[in-house]
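Both complexes below contain subunit A, partnered by subunit B and then by subunit C.
For the complex of A and B:
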């Protein structure tokens, strides 16, 4: 073996168990590929939450509508960064769009992404905020006035015909947006599920499991942001809204958990040749991240917590603070759980040898483009982008429960 | 143009302008700015194929070995190594097929070679022949005991090992592994019926071991065996009185 490679693998080699092919010692899809499906998942989930207001007419979660759209946009802008950074030449990202290889699922992501960004999310946000931006620009001076006027495409038309068109367009976009959101995240699962040579991934359930965990993480994150941002901006958390959103989260977690359980039972029942090494991996290398964080802390504990608020309804409804605290803990745990899900899929799938006779280990770097620091930066970046977006398109009025401008509210009905 | 846009609601008209502008810029970039060959993915593949084709051919393939070395080829065809290509052990042999006299393929005689596959590794399939290279006949070349073209694991006949299992296991990892039990012992048929009453013979003369270990030993198998001068070495004793024959240890 190449001495340079041996040098870089020196720390890994003593931790390898059993027999493993030389090209499997080092894990090539690292932390960035864990971050990538997590972020796209949040986008899809946040958008689904937004669509509850527009398509399914759930009035209680109206305060979350604009926040979830902005959250989806902030995370969507960061989503491809993890992927193109991992590929090693982020400056060449545009080549995917200019010279597309249509048989590559990952290259086609460029088009799904562009479609989702341009034709769904930006348009929806634009239509939601158009009349607002015209109104804001009228009362503002300086830079902000110019930004709002430019973002409104210098439109000043707030007449009935235009507003009615906004509402119609919003409904159509949201309806188109739901399958698009499914496509955006389902495709990530599709890539993993298509890798036939890897029994940890090769399952038709993977895209659906990805999708439901995406919905779970998106809804949980928007609830978390709402619970943090509302008091910070001087508003009062609407428990009616949080209760309803938590209801949806609860159902989504149950579906997600059931799907994962079905997948697990199916694997155990089939008991194909890989079952031995997979169970060994789950019980040793992935024990903490799969059993403890993903299943126990990320699913069972939040499910129990939310169930308690439903079982002891009276007690919890009398004490709003207790309910808030329980919800808060549950949504944070769910975030960790979903991140661990991504970790277990991506890292777990590469930890066992295709010889089914050995396990390798993952050594995380701290610095560098594949390191922990950069991953933390990527996870923090959407929050920074969201901060900027809320400056330009403040969702506070709606979040604080004040009636949104006439047009937007009517769009929900 | 203005009248055309007036037919649409204001927001739609503005979006149409933005999307048309983006479309024009996009088409301009794709059609005009990107050079044609860059859009052709076949180009990269063609380059890769050319690059691979330009690399020198080093391997001749096992069939070409059989053309000259037909006896070895036939032996290997039915042995345990039948699925290995000749060049797996002997290295690339294209040069040898073109100039057989001057270019000779390698013959791996060093002890480190065979354990690449046959060293003990718990993850190898059950039944795969594995040895511990440190204790398995150290210092001896593998080919001195095993015919690499038709390797057969040495076995002790069931009728001996059924009763003398410990001896069989000891002998299996000793220098005498290749010797049949009957090389040293003559076993009357009656031994199997009344093992205690009728016993196999043991070598009674020093010359018996001397056939291999004597200075003059000419036996083919004994080429690498340690040699002694029978006249000077422990003349009062039969060899097995000092050396345990099923696992003979000597100072090299």
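For the complex of A and C:
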């Protein structure tokens, strides 16, 4: 038995509104499961930003290319930690790989994850950095030299033919990678969207909304990192690059917002039996996180800010520093907005009873595996991993706008 | 396929089965066949009980239930369900429908006398008790979503959880439309009503059925024409909970009110 849990549940009883099934007081998917789709979203979004450079040949955002690949990898490495530590039996996690139930969406997690990590992200990063690693190793001594040699798998060939092969491989991987990134996060959306017992989740639009919110959060995060890291490493922020990336972000937010709006209107218009309890939930339990943070602060305010810069940039030659500040505020707000989106989907979906007669409540713990501290640790960990990754595969040259190593530039054309 | 550790069999996932399936898909283009298998082959595929073997069902007479909660008590004792009021394999709901159209529902607690205000309260249209338990669906969404096959359906139609392989991901709890599952705080695995599988496989009745003083709960083999269960289905107008979700429940309610869900 778990007296602590029972104590917590007892405290929740007075906050229950209406009638809920007696087993429903405990919210089973807590903060860690909120963190999980947020993290995979960043992965998918950052990768799609990188693909803009490669496939669609958007030269302006070239400085973000390597940074976004490394960001995607750093976040991808943390994604399963949130899942595994939330299990009732974390030590049995491997069962999902050895005896997967083929009818279960969740059983595919390991395979989708492995495919994305091994067949897409690691391969792309390797091909991008292969010639660089060989070159770096030549000028280095000590441990780093060995690391780079080993990471390059002891290849020494920088001849034209092998470089040409790198380019070709990169192109193929990116083309395979885009649907894979869609698969990764659309799949996370499908885990929720396919639960027919839960009308808050059960919608075909959910995977698509997940995808676009992923693109939004990934692009916004890479822009944020770029704006913080570039001055820190002695470079100058290229406004051409940021402007262009913000453009893409702007369109992605609009598509995301429209999709969520369509979903909302559709629910209200259909007005099925659950609509009363859902609207009660939105107006009471989710008001702050959904209306205020997700919609107002996370979408409408950044959309307005970016639109204003778009309007005034040309007309009044909006000051570059001011523009930078506006962008900075916008991308931070968007991060909070997307995190709130994940919160509202995951926690919101468990707050109303499947009897459609009542609402339960969620009390966030502070310590413990399901608590706030651990969640913050999981959110900070990718940044630490990214710091290590940038030591091993420094993206600074490219971020500072110096001519990119021959591999990347030619591959885009 | 490895033998199931549960009497009555069932499809417990085996590593060998998975690998065999995996390679056969690789070798035979079986993916197409696999996708086609998802489509329902017969409209009533889940419900057709296999002939010549048990196919268990459960009957509930809403009119007969007096809300004494002995079933809840018996279930907790029989199945080591935690005593705290957050974990139930079965529970009883009390509905009070008023003349002004409002409905109040609450779950009754064991050992507490239900308040007898209904007779004197003239604003009440009608009031009744509804016992709830796992619906032992013929098409169980919990079995569909379990990522490791720890939740499975036995050949006699009972849905069980293998607590030795359950990883505690709680996807099944999310997928159950009836709130019938909970995470056992002791084992950290999913738990729910088993129709008292340890009893019925020895020819006994589930504990809740045995203690019910008014025979509001009925249990038996749907395949046997002479069982109390078949008689119950013949003699009553039957409803199931949330039929629109196509889970094909095998807990059948007589005199069920439309307010109940």
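Note that the second predicted complex is superposed on the first by the 393 of 413 C-alpha atoms of A that agree within 3 Å, B and C clash if a C-alpha of one lies under 4 Å from a C-alpha of the other, contacts with A are read in each partner's own complex, and residues count from 1 in each chain.
Convention: a residue touches a chain if its C-beta (ideal position, glycine included) is under 8 Å from a C-beta of that chain, and two chains touch if they have at least 3 such contacts.
These numbers come from a predicted model, not from an experiment.
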So, after the overlay on subunit A, do subunit B and subunit C clash or fit? They clash
Exercise for the section: Scan A:106 for contacts with subunit B and subunit C and give back first, second, both or neither. Expected result: second
Is A:166 in contact with subunit B, with subunit C, with both, or with neither (first, second, both, neither)? first
Point to revise | Partner chain in contact with A:130 - subunit B first, subunit C second, else both or neither | key: first
Q: Return first, second, both or neither, reflecting whether A:22 touches subunit B, subunit C, both chains, or no partner chain.
A: second
Exercise for the section: May I ask you to decide whether A:9 touches subunit B, subunit C, both, or neither, giving the answer as first, second, both or neither? Expected result: second
Query: Thinking of the overlay built on chain A, is A:312 touched by subunit B (first), by subunit C (second), by both, or by neither?
result: neither
Which of subunit B and subunit C A:357 touches, first, second, both or neither: both
- Who does A:153 touch here: subunit B (first), subunit C (second), both, or neither? first
Comparing subunit B and subunit C in the superposed model, the one touching more of subunit A is C
Of the stretches 41-49, 131-139 or 203-211 listed for subunit C, the one clashing with subunit B is residues 203-211
Dual-contact residues of subunit A, meaning touching subunit B and subunit C, are 19, 98-99, 101, 355, 357
So, in the complex, the side of subunit A touching subunit C is made of residues 1-2, 5-6, 9, 19-26, 28-29, 86-89, 92-93, 95-96, 98-107, 109, 191, 195-198, 349-350, 353-357
The subunit B residues in contact with subunit A across the complex are 9-12, 14-15, 17-18, 29-30, 34, 38-39, 41, 121-124
The answer for subunit A against subunit B in the complex is residues 18-19, 98-99, 101, 123, 126-127, 130, 153-155, 157, 159, 161-162, 164-166, 169, 355, 357-358
Subunit C residues touching subunit A in their complex are 13-15, 18, 21, 34, 38, 82, 84-88, 91, 93, 104-107, 132, 141, 143-150, 165-171, 173-183, 185-186, 188-189, 245, 261
